[in-house]
Structure formats: structure tokens, C-alpha cells
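Each chain gets a letter, A, B, C, D, E, F, G, H, I, J, K and L, in the order it is written, and its residues are counted from 1.
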Amino acid sequence: MTTVFFLNGPNANLYGLDPSGTYGSESFPAIKARCERHAERLGLALDFRQSNHEGVLVDWIQEARGSAAGIIINAAGLTYTSVAILDALLAFDGPIIEAHMSNIWKREPFRHHSYVSRAATGVIAGLGALGYELALTALAHLIAETAE
Amino acid sequence: MTTVFFLNGPNANLYGLDPSGTYGSESFPAIKARCERHAERLGLALDFRQSNHEGVLVDWIQEARGSAAGIIINAAGLTYTSVAILDALLAFDGPIIEAHMSNIWKREPFRHHSYVSRAATGVIAGLGALGYELALTALAHLIAETAE
Amino acid sequence: MTTVFFLNGPNANLYGLDPSGTYGSESFPAIKARCERHAERLGLALDFRQSNHEGVLVDWIQEARGSAAGIIINAAGLTYTSVAILDALLAFDGPIIEAHMSNIWKREPFRHHSYVSRAATGVIAGLGALGYELALTALAHLIAETAE
Amino acid sequence: MTTVFFLNGPNANLYGLDPSGTYGSESFPAIKARCERHAERLGLALDFRQSNHEGVLVDWIQEARGSAAGIIINAAGLTYTSVAILDALLAFDGPIIEAHMSNIWKREPFRHHSYVSRAATGVIAGLGALGYELALTALAHLIAETAE
Amino acid sequence: MTTVFFLNGPNANLYGLDPSGTYGSESFPAIKARCERHAERLGLALDFRQSNHEGVLVDWIQEARGSAAGIIINAAGLTYTSVAILDALLAFDGPIIEAHMSNIWKREPFRHHSYVSRAATGVIAGLGALGYELALTALAHLIAETAE
Amino acid sequence: MTTVFFLNGPNANLYGLDPSGTYGSESFPAIKARCERHAERLGLALDFRQSNHEGVLVDWIQEARGSAAGIIINAAGLTYTSVAILDALLAFDGPIIEAHMSNIWKREPFRHHSYVSRAATGVIAGLGALGYELALTALAHLIAETAE
Amino acid sequence: MTTVFFLNGPNANLYGLDPSGTYGSESFPAIKARCERHAERLGLALDFRQSNHEGVLVDWIQEARGSAAGIIINAAGLTYTSVAILDALLAFDGPIIEAHMSNIWKREPFRHHSYVSRAATGVIAGLGALGYELALTALAHLIAETAE
Amino acid sequence: MTTVFFLNGPNANLYGLDPSGTYGSESFPAIKARCERHAERLGLALDFRQSNHEGVLVDWIQEARGSAAGIIINAAGLTYTSVAILDALLAFDGPIIEAHMSNIWKREPFRHHSYVSRAATGVIAGLGALGYELALTALAHLIAETAE
Amino acid sequence: MTTVFFLNGPNANLYGLDPSGTYGSESFPAIKARCERHAERLGLALDFRQSNHEGVLVDWIQEARGSAAGIIINAAGLTYTSVAILDALLAFDGPIIEAHMSNIWKREPFRHHSYVSRAATGVIAGLGALGYELALTALAHLIAETAE
Amino acid sequence: MTTVFFLNGPNANLYGLDPSGTYGSESFPAIKARCERHAERLGLALDFRQSNHEGVLVDWIQEARGSAAGIIINAAGLTYTSVAILDALLAFDGPIIEAHMSNIWKREPFRHHSYVSRAATGVIAGLGALGYELALTALAHLIAETAE
Amino acid sequence: MTTVFFLNGPNANLYGLDPSGTYGSESFPAIKARCERHAERLGLALDFRQSNHEGVLVDWIQEARGSAAGIIINAAGLTYTSVAILDALLAFDGPIIEAHMSNIWKREPFRHHSYVSRAATGVIAGLGALGYELALTALAHLIAETAE
Amino acid sequence: MTTVFFLNGPNANLYGLDPSGTYGSESFPAIKARCERHAERLGLALDFRQSNHEGVLVDWIQEARGSAAGIIINAAGLTYTSVAILDALLAFDGPIIEAHMSNIWKREPFRHHSYVSRAATGVIAGLGALGYELALTALAHLIAETAE
């Protein structure tokens, strides 16, 4: 069974708890479960992780080399600032989907520039947890295409 | 049956014909047919159109008020330059998905800024015609949510 | 009787219908009627038009050469982006009033720069349909002055 | 009878005397008289003042709180530089019209940005002393509307 | 006989009529006739068109695919703003000459950047209608070279 | 007894009266009284002044040379624009505390740059009248340190 | 007894050891002890921590949710670069004081912009360890106010 | 005897007293006396004034119209910020010399841009009180030339 | 016989030798010969020179005053950086054609700005040695026009 | 024997494995071994480390205080973004060499600015593993010089 | 007798010949003679030179080390672009006066920045050949002061 | 024996003589001798030159084509401004080392951008004359590698 990584950056674990409601009302464990169910339907083994540490995310992306066929990443606040994550992604040669719960271009200007986009195959944003499911669907297709 | 508009901007009709290959090898009529089949599966009546004229796109977005439950728009080259399209979209109150065949943030810097994003609920880019299908899926969900 | 053109740009036809209320609650046909009554009081023949098409607006400004003594223009979203409209206005040698329903300098930064201002004699903004009447009054004076 | 303030900034007292002719040929006392006559026709008590001192203008705007129903202000050279005037205007809750004799967007780039616009209801520029009369007309309407 | 398109953008039809004289004193029909005579000498069938509509220009550039061996384009005011025209030109694989009557780098700063240049083989500017003839000569050579 | 100056810039006298509530609900006289009581507790003679005039503030800062051991200054709207105040402060050689009622970095971008900071020992912002008391406490300490 | 967190970023542990003297001569343990004594006087339980790791600081801010009534943070070098810390702070709903030993606006330009300020209630800078005590005093007041 | 104005801006009265020594060691009264002696040698009646108030400087420049044949101005901190002073100078039609004690282009970047330069005939900077004498010499020549 | 100067800047002598092929495969002597033949056909005496030294180019442009009726200049790398060459060209009062082998607007951004354009009558770029011939043709016409 | 630290940032451990080949074909362990042999020749004890974690790099730089005579650092992706690393280096008082495998100024613009350079004695880039050996040679010399 | 260098940059030899009249009507030899007479009155041996070559100007500034007590330099077009001249001037330790015939801040924006100013003691601009005499006077004073 | 060029730009001949000490205390002839000795050890014939003239440096780089196997260049002040030197280097196909005595990124901002870096294989800066020796070592390796 094909393994994919879904890597979540800083504070993603607070989704659904944030009083401002930018990230919807579904809790992070609920989102994780929803993604796992969707991955199962797609025949993918999903490794869904979260860290507040840039270095840990870089470690995981490196780990994906050899153990995962594709990566979905919501680097959260590190999206806008981390060249280290970009460099790790550039060294991964499977498909990569950049995902964001919110539409980052409707938010503060410093969220309008993403380093992750430079390495991503595709980008899905603003569609909440539904967008995460779509990212999994997309990844399944991209992996299948490559496998042909 | 719920109607949705899928509006394509300038030169989208050349997809698959462009020698540089930025937009894949599927022809525009083939993409249209694929979207129509996917919409049918989702129970949506799809009105799929293309124009090279900004004014026509604005007319169509205005027409959507009252006749469509949601809009998918790939404004193509007008994405980066048209406040008129933005203003039309801001006056539409259903969900809007911004779609791009290519990952625009991997291309020339003038394609990194989108006026459409300011009005869109969500954005899907870089996933080719598959991304168009995902946009339809997302729109179906967003319309259903609103209907609840 | 002296003819003047009042040219309205993209989405102006939605005034009064826009849920965000930026442009007040008077409908576009009502604004048109109000301007026509005011023009009549001033002894002007008013040709009040609207288009979502930049090219049509350019055609109309060219048509004004020889048929109109002055122009009022609210280029709406094209105000900020259209050099073509600017060039057409620069080739018109009667007085030109730039009009905006809303105070554009209180809105998003991309609305703070107007190409139209480079060709306009005067600018009136933020005063809603009342501002349109004042623009007509101003135009009547400017035409009378030129005639002297 | 409703009182309104018409506040003029630095060097406005030289209008009509300036050899470059940017501000027309009507002298400042003539403009004042013309505005007073127009205000009288509108049933407004006009308090028309001029100062070269930013602090005096701030004092006057504060004085308007409680003594004037609206303000017209041509802050002249302070338009582009005075946050102090902006802050005073933001603390005034009646309607405010920003007025300029000349079309400031046809002049040097440093005159294209106005702090006053951030507090103004409406803006009238480029129409000379006629524009001042229109500003009074507009203010009369805005005060009447508020009174309703 | 080889066909080439000479496409003119907004307001080019006013050349020779503009009071400011930026574009010389030859009328647009005279320029057209002069270009047709020159094309005839070069053995080219010239299709010389003008439109104020960006969308029409995009349509014509698309039409050139398959019907013209090369394009000369003076996109006029759209030169500086239209990504749609750029994208259409990028999808044309014959030689393209960008032509301007005036030296655009001696004019306002917003005319110093051209989207058309990104797709053009060569650029000729500032030489009036003579420059148009030189553009035809150049195009004839470029087509002949390709044919070899 | 050691004298210190607390200098307040334009519109500070409106604190507590401003309808937008940016500056809290305590009136300016109340804030003054509160600071005087706090200074008394600290053994400082407080000279608390306010002016809407940049020149008066410069005069006062110059007056502090020789008559005050330290300065607290909230230059209000002049914070962002006055090099004259900066130059006066640079010529004062006791400790200087820059104080702001509101957190200026959460407000409009033009309030994110302070000329006063270039001359200040320390900065306290966003803590309302409490911050003013803390500024006095800090100044007392800094004066005592210098005296050692 | 109310708990507050005082979180220190990278290299804060070197205070007093740095040869350039930017951060004074008091050692970090001495500063910690001084803050603990001051907190005790204020009736606060102080949890004073330092880390060189952005991720650890984010973890701690998240930990504060539920265990601390307020946060003082000197994010040191991460102040200028960490959106992850900003996002964690935005999800904390008690009062937050941003503290800096030095006056960061007198230092290199890249230290003039703080992400932390966007989430902070108040800011105290340039007052050394005394500023830390003032931050504690301020936090005690803000917590008390909220409790009312 | 020809009268000239020498106008000094904010803090110029502190020259020679400033501990940083940017402005040399000669006191302001000494500089004034030196200029008066030099003017006398040149046969000029010198009116040497200083104010910390922008408005007063504007008043004086207006007063110069009709009473002075030329102006020397060191606007000090207002050099970089005052459009009001620029506008007053633009309305003066005799020669104007901009003078600075220090070489402002060796100092902070915000001192590298002068509004006064836009109205000045000539500029002399960095030469201390000697430069003031040279400015007087230059002004005497310029007035003599005009008189011819 | 009318003399014209064709001045070539640094490294132009390497054309045809450059391995990257930006400047085509024709050698510099071959280009020179081609230009001389074309000039002969046009009845012009061509003085074709090249230097790697900015100062020599300035000397030659000065020499053209009185000895040449027009100048063609490809300043090569100095195009983007030399105000000295611009100033020399501004002091020449015959027609000037700026020529470039390559389309400089398709290359690195620092090649998109030309000082030479500010002094040139016309610009021809991207057409290789053919463009040089066209420049000669254009110059012959411009000289003839002036002579009328 | 003198100890030096050679600290490598995120993804340096992938050198030689990266498919794009930016960093050459030598593997990271091979580079490490090569550096150790070279250090031995120079009589230096080399402590060669790598981490993907900014915080760990800061910890190590702090550890170098007292245990290492000099530092070589290739901060990789953190070079461009980490003020925390800069601050740690500024508190180290031995010589520091900044090293990069690739010539970072030939790569994307965001790699053209280095925070590390502000603290480094010297910089060596673009010379692959050879550059690492040169960095060691340089460090040996700098330490010896200091020791004199 | 003390020697001073007066170094003139590119195209200064054309002064008085330039049709646009920016540099007055006095010819360069006349200006030279005037300066020599003035130097003689001041007891200075004047070495007055001009070159169109940046390298020659650098050579001359180096030559001044040891042979001249001070330098006056009008680097003309190189003022805005030459770091080489700046570096040469920085290595000269006598007084340096930067002189310009015209007021460079009233001309094109690229003339508003001078590299020479960073090395100059004082600056005199906009006063034509009179300014050159004043520069000599100033230099004589500065040399005398140093000699004391 | 393999020949390499070491080209030094303006003012490099003053190294060791500059009072500010930016470039160390070794004189330029001493540095030259040291490099020649080191080259000899490496088996390289070193041609070490210096010029203050950009054009001479371009001539020399062109001369290197065919006569030198590699180039070391310290373009000094021309590093930041000369596209002509860049273009010459781009046409050289052996290895190129950019060398600087000082760490240019610790100096004024205009020294932080190098045109030379765009053509250089590697860069060595901040290591004084030692860095020159390292550059020679590096060049010897790069030439040997190419020769394999």
C-alpha cells in the first residue's frame, strides 16, 4: 500500500480551538480522522503528523525520501519564512501538494508569499478540511500517473 | 438541478495547443467534456464558457447573479490585471473557486499576484484538468453547505 | 443644446444592488434618471451610458470627439488599470470630470492610483449620486467658460 | 442657522498672487467672498479661515467639535504631511469635505498622497473656486441628510 | 503570397488627429496605405487592423496561428497592461515585431515597461511611420530566414 | 526636588472623548491628575503639558535643557513626521521615554515608524494611562542611576 | 496564586556576557532572580523560561493556554522573523507584553519590524531589566482589570 | 540698501551648544553677528531670524514678498518634511539659497531628501558658518545680476 | 557626402565569438562590412568604431558635434549605467538611433533600463545585424527630413 | 590542539544526493571525511556537525564560546532568514568563516542576502568541498594571527 | 604656494556650448580662466583639469595625494554612478569640495543621489561659475584651518 | 606552464596606504609579490595587473581569452557598477574567482550587490591577502579539474 505524508506546521494542532475562527470549528483530531478515512477510501496509507518545530518538519521531509510516494504539507506560519523547508522539499522527487485551511491571500500581506509554492506541484487553499481531502485525492492521482 | 458557471479567460481555448506545454496536452474541448462529465456525477448543471474579452467575463459574472449557485473562474491573463472582474465577483454572493491549470507561483513574478483571490472562497492551482474536477467537487460541497 | 457624455465603467450597473453597500442604496436606473433631471435643469443634453467593456468605453470617448462638449467618467474598476482609456481621454480636448460614488482613498490601496486623473480637469469622489449632480454642474460651468 | 467651517492651510492666502498660476487668478479675499455668498444661498453660516500653522488648524478642527455641523478643508501643503490634522479630523464626527483648487494628481508625485482623504467623506479637486462652491453645496446636503 | 498581420491597439486610429502631436501628423489611413504599399514591394500580403478592444486583439493574434507567417503589433495603451495579449503572442510561433510610433522611454514612467517585449523577436520605436516600414522589412527577412 | 517634563502632542487633549475609543475612556485631565499623583509618590516634580503645535513642543524640549532632569514624550501624530522634534530631543542629554497610549504597531502602517524612537532611551506603548505611570517610574530610576 | 509566563528567546541566556554590551552587564540568572522577586511582590507566580528553539517557544505559548493568565515575551532574534510565534500568540487570549532589553529602533533596520507587536497588548523596550519589572507590573494590572 | 532675509529653522538656535558637535562650536549669536558683518561688507541689510515653528517660517517667507530681494534659508529639520515651506518659497520670485551647516548627505538617510532644494537657486552645505558667508556673497551676486 | 557615426560599446568586438550565442554567429568585422555596404547604398559615409572605454565613447560623441550628421549607438553594457554617455548624447543635436543586437527586455532585469533611450530619437533592438542596417536606413531618412 | 567547529545547517546532509546537482556529487560523509583529513594536516581538531534545527545550531554556536577557537558555518537555508544565528555569532569572539558549496549570488534572489555575513570575518562560496578546505586553511591562519 | 586640484568630469568641456542651456552661457575656457584668476587672488596654485574618462579622474585624485592640499571636484555624469571615484576620494585626506554648475536636485531623479557627497567636506551647487569661485574660497579657508 | 590573470580594479594600488585601514597594512607591491610566490608554488604563471580604468580591465579580460586558463578579479569599486566587466567575464569560458580584501557585506549597502558574482565560479572575501592566496589555490584546482 502506498504511503503518503501529511505534514502540519506550527499551531495547526489548535485548529477549531482558535477563538478568531480563521480555521473553522473542526478540531485537529477530527480533521486528522477525516483525512485518514479519506485516504483509506483512496487506498493510501496516510502518515499524518504535526510539529511546531521547523527542524522536525525538515527531518520528516527528509524521511519521506524513500518512505513516502508523495507529501501534502501545510507549513502554517513557516510557509512564509522557511527556506529550510523549501530546500528539503526541493530534494524530494515525488509530487507535493501545498494545502491551507484558509485563503491566505485574503489575510495579512505577509501571508501572500509562500516559499513552499516554489517546490509544490499544486496548491489548494481556502477550502478548510474539505481542501485536505481534495489534496489527498489529487495526490493519489499524481502518484498513479507517475506509476504508469 | 443546481447550475454552476465555469468561466475561462483569454487563451484558455488554446490549452493543449501551446507549444511550450505549460498547460498540459489535453485540448480545451476535452477538458470541457471532462468537466461536464464530472459535474453530471456531482448532480450539477455546468455552464462552461470561455472568452478572450474582459467585458464578456464581467457580463457573465453579473449574469450568474440569480442564475448560478456558484462560480469557478480561471481568469487566465486577466487574473493579474483586472479589477473589473474582481468587482464583479465581489458583487456575487455564492461560493467562488479560483482555478489555474499551472502553479502560477512557479512562473514569472507578475503572475504571483491575483486580484481574483480577493473574492474567491478557495483556490486550486497547478493540478491541470484534475484541479478543475476538484474545483467542481469543492463547489458542490460549498453549495450544499450553504443550502443547509 | 449642448451634449455631454456621462460614461460609466464595469459593474456600475449594479449600484444599489451590491450587498456590501459601498455604493449606496440608490439603483443605477434611479441614478441615471436623477442625473438626467439635473442635466435638464442645467440646459444640457445628457448621454448617460454604461459598459463592462474597456474597448466600448474607448470607442465612446472617441465618439465624444465632435459630438460632446464635455465628459464625466466613472471608469470604475478600469480607473486603476486602463492606459487605453487614459489615452482616449488625452485625445479629447473638452473638459473632463472624473467621478466616483465612493471615496476611493478610504478603500484598498490598489484603488488609490487613478490613470483617469492624469487627463481629468477635476475630480469628485465619495459623495454618491449627489457627487454626480455636482459633476454635471461643474461641467456646465466649464463648458460655459470655454464658450466665452 | 447651521455653522460650517471652511479651513484653509498654508499659502492659500496667496491664491491669485502666485505667478505660476497653478491656483487661478481669483484672489483669496475674492474666493472667500464668493464662498460666503454661496453659503448664504444655502442657508449656512460660514466660518472661513486661513492659517500657515499646522497647530492652529488642529486647534480649529478641535473647536469645530460642538460649534460646527461640518468642515470643508483645503490643508494645502499640510495635506501630504500632517498626521496631526488627520487625527483631529478623525475625532470630528460630522461630514468633512476635502477640497483642492488644483488637480493634485496632475502635479508632483509627493502631492498624490493625502492624509486628509482618510478622514474625509468626499473629495473635490481641480475645479478652482467653483469646486469650493460645490463643496459647500455637498456639505449642506450631507448635513441635511444627517439631520433627517 | 505570404500573409502578415499588423495589429494596432486602442486609439491608434486617432494618429495624426491628436492635438498634442505625440504621434506625428500623418493620419491613420495614410499610415495604413503607406504600409500596404511597402508590404507590396516586399512581396507580403498585409492584413492591417485596428481595435480599441483587448479581446479583439487577442482573437486576432489567435487567428494568426495558421493564417499569418508573422505579426507586427503596436498594442498602444495595452502594451503596458495586458497579460492576455502577451499570453496570446507567446502561443504564436512565428516572428513578432513590437512597433511604437513614439519613443516610449522618453514618455511617462508607466510607458517604460512592455509586456509585449517578452514575446517579441524585435522592437522598433520612436521612428513614426518610417518605423512601421522598417518593421515590415524586418519581418520579411525573419520569415525568409525561417523558411530556409 | 527633581523636575521632569511630560510633553503631549496634538489631539492628546481629546483622549477619552474620541468616539472610536482608540485611546480609552479616561479623560485627559484625569490622566494628568493620575500622572501627577504618581510623580508625587516617586518624589518627582511633574510638568505635564500639551500642545497641538510642533513648534511649541520644540520650544518646550529646548526649555527642558537646564530645567528638567528627564522627558517623557508622547508626540502623538508628530511622532511619525517631525524631524524638528527629533533634533530637539537629540540635543537634550538626560533620559527620554517615548510613551504611547495605544500599541501603534497594531494601527495603520504610517504609525509604525517613529522619529522619536531614534532619540529615546526607552519606549512604552499600548498600556494606556498605566503606561504613563510606568514611564514615570522608569524615568525616576534612570535619573537616579545617572545621579549615582 | 495567578501564574504568568515570561518567555525568553534565542541568546537571551547570554545577557551580561556579550562583549558588545548591548544588553547591559546584569547576567541572565540575575535578571531572572530580579523578576522572580518582583513577581512575588506583585503576588504573581512567575514561570521564567528561555530557549534557543522557535518550536519550543511555540510549544510554551500553547502550554500557556489554560495554565497562565498572561505572557511576557522577549522573542529576541525571532521577534523579527517568526510568524509561528505570532500565530501562537494570536491564539492566546490573555494579555501579552512584548519586552526588549534594548531600544530595537536604535539598532539595525531589520530589528525595526516586530511580528510579536501584532499580537501584544503593550510593548516595553530599551529599559533593560527595569523594563522587565515594569512589564510584570503592567501584566499584573491587566490581569486584575480582566478579572473585574 | 537691499534687504535680504536669512531664515533659520528649528533648533538652529542651539548651534554650538549641541554636545554631539554636528554643528561646530560657534554659538548661534556668534554666527548671526558674523553674518551681519559679512552682509555689511556686501552692502546688504540682513534680517536674520530663527523660529522653531513651521508656520512662522511660512509667514516670514510670505513677508519677504515685497520686503526682501532674496532669501537664505536653513530650514533645519523642516527641510526634509515641509511642503508648506516649499510652497511658500515657490511663490517668492527672487533668488533663494538653501544653506546647511553640515553635509546632510553624510548623515542619516532621511536627511538626504530636501523639499527646499526644489525651490532653491543654489545649495551650500557642509561648510559651517563659512558656508553662510558664502551664501550671502552668492545672494549679493544673484541680486545684482537680476538688477542689471 | 554625409558622414554618420556608428559607435559600439564594450565587448561588441566579440560578437559572433561569444559561446552563449546571445549575439548571433556573424563576427564583428563581418557586421562592420555589412553596415559599410549598406551605408554606401544609402549614400552615407559611415564611420564605424568600437571601444571598451566609456571615456572614449564620450570623446567620440563629442567629436560627432560638427563632423557627423547623425549617430547610431549600441553602448552595450554601458547602456544601463552611463550617465556620462547620456550627457554627451544630449549635447548632440542631430538624430540618434539606439541599436541593440538582442532584445534587451527578454534578458536580465538590469538590462531593461537604458540611459541612452532618454537621448535617442528611435530604438531598434532584437533584430541582430539586420537591425543595424535598418538603423542606417532610419538615420538616412531622419537626416534627409532635417535637411528639407 | 586547537578545536574548531564546522557547523552545517538544514539539508546539508543531503549533499551529493540532491537530484538537481546544485551541491555537486560528493556525499556529505565524504565531505566530512575530507575536511577532517585537511584539518588534521593543519593541526586542528575539527568538530564537524550538522542539524536541521535552527535552535540546535544556536546552541552549538553558544557551546563554541570557551570550547572552540573559531567557527566555520554553512547555515544553508537559515543563512537568509535567521537573526537568532546571527545574534549567537555576534556573541562569539573568535574568527568566523561563512562557507557555501554553491555561488549563492547565481541562484534565486532570496539567496542573495545573508544574515551570517554580518558576523563573519570572511566568506567563501561556490567552490564546493574545495572551498571547505580553504575555509579551514583560512581559519587556521586567523587563529594563529590572533594567538601572536 | 599651496596647490589645489579642480577636477572636471565628462562633458564639462562643453559648458556654454550645450544648446539646452542647463550650464549657462560661459564657455569652459572662460570658466577656467575665471577660476585661475580667483585662485590667484586667494594665493592658491590652481591645477584645473577635465577628462571624459573615469579612470583618468581616479588617476588624478590619486596624484593629488602628496601634491595637492585640497580638491574641488565636479564629477559631472560620474557623480551619480562612480564608486571608483568615491573610493579614490575616501583615500585623500585633505578637504574636498563637491561643486555643480546646476542645482542637481531640480533635474531628473537619477541626479539626486551623489556618491561624491559621501567623501566631500562641503557641497556647492546651482550657482554656476560663481559657485566655482565660492568653492575655491571655501577650500582656501579649510586648508588654512587645517594648517593652524 | 599555465598562465592565470589576477586583475585588480581602481584604487587597489593604494592598499596599505589608506588611512582608514579597511584594506589592511600590507602594501600593494607586497601583496603582488606574495601572490607571485604562491603562484609559483602552485606551478602557475601569474600575470598580476592593476588599473583604475574600466575599459582597460575589459581589454584585459578579453585578452585572457586564449592567453589565460583562469581569472582572479577584484574589480574594487567597479564590482558594484560595471556591466561592461560582467559582459567581458561572461564571454570568458575558463574558471573565474571573485576576490575582495574586505568583507563587502559588512560595509555600505551599495557594496552588497556585485555584478561580478553573476559570472564568477566562486567568491572569496574578507580574508585580506590570505584570501588572494586561497583564490590562487582554488583556481589551480579548478583548472586541473577542467583539464582532466
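Simple rule for what comes next: a residue touches a chain if its C-beta (ideal position, glycine included) is under 8 Å from a C-beta of that chain, and two chains touch if they have at least 3 such contacts.
In this text, all values refer to a predicted model and were calculated from it rather than measured experimentally.
**Student:** Starting at chain A, how many touch steps does it take at minimum to reach chain D?
**Tutor:** 3
**Student:** Compare the two sides of the chain K and chain L interface and say whether they are made mostly of the same residue numbers, over half shared, or of different ones.
**Tutor:** different
**Student:** Write down the chain pair in F-H, J-L or F-G that repeats the interface of K-L; the criterion is over half of the contact pairs matching by residue number.
**Tutor:** Copy of the K-L interface among the listed pairs: F-H.
**Student:** On Cα atoms, by how many degrees is chain B rotated relative to chain J, nearest 5?
**Tutor:** About 120 degrees of rotation relates the two copies.
**Student:** Just curious, how far off is chain G from chain C if you go by their C-alpha centres, in Å?
**Tutor:** The computed centroid separation for chain C versus chain G comes out at 55 Å.
**Student:** Just give me the whole-number Å value for how far the CA centre of chain E lies from that of chain F.
**Tutor:** One centre to the other, that is 63 Å.
**Student:** Give the residues of chain A that touch two or more other chains, as numbers and ranges in rising order.
**Tutor:** 53-56, 81, 118
**Student:** Looking at the whole structure, which two-chain pairs count as touching?
**Tutor:** Here the touching chain pairs work out to A-B, A-G, A-J, B-C, B-E, C-D, C-E, D-F, D-H, E-I, F-G, F-H, G-J, H-K, I-K, I-L, J-L, K-L.
**Student:** Please give the residue numbers of chain D that touch chain C in the complex, ascending.
**Tutor:** 103, 105-106, 112-114, 117-118, 120-127, 130-131, 134, 137-138, 141-142
**Student:** If we count contacts the way the header does, which residues on chain L are in touch with chain I in the complex?
**Tutor:** 53-56, 58-59, 62, 65, 81-88, 90-91, 93, 115, 118
**Student:** Write out the stretch or stretches of chain E touching chain C in their complex.
**Tutor:** 9-11, 13-14, 17-20, 51-56, 76-81, 108, 110-111
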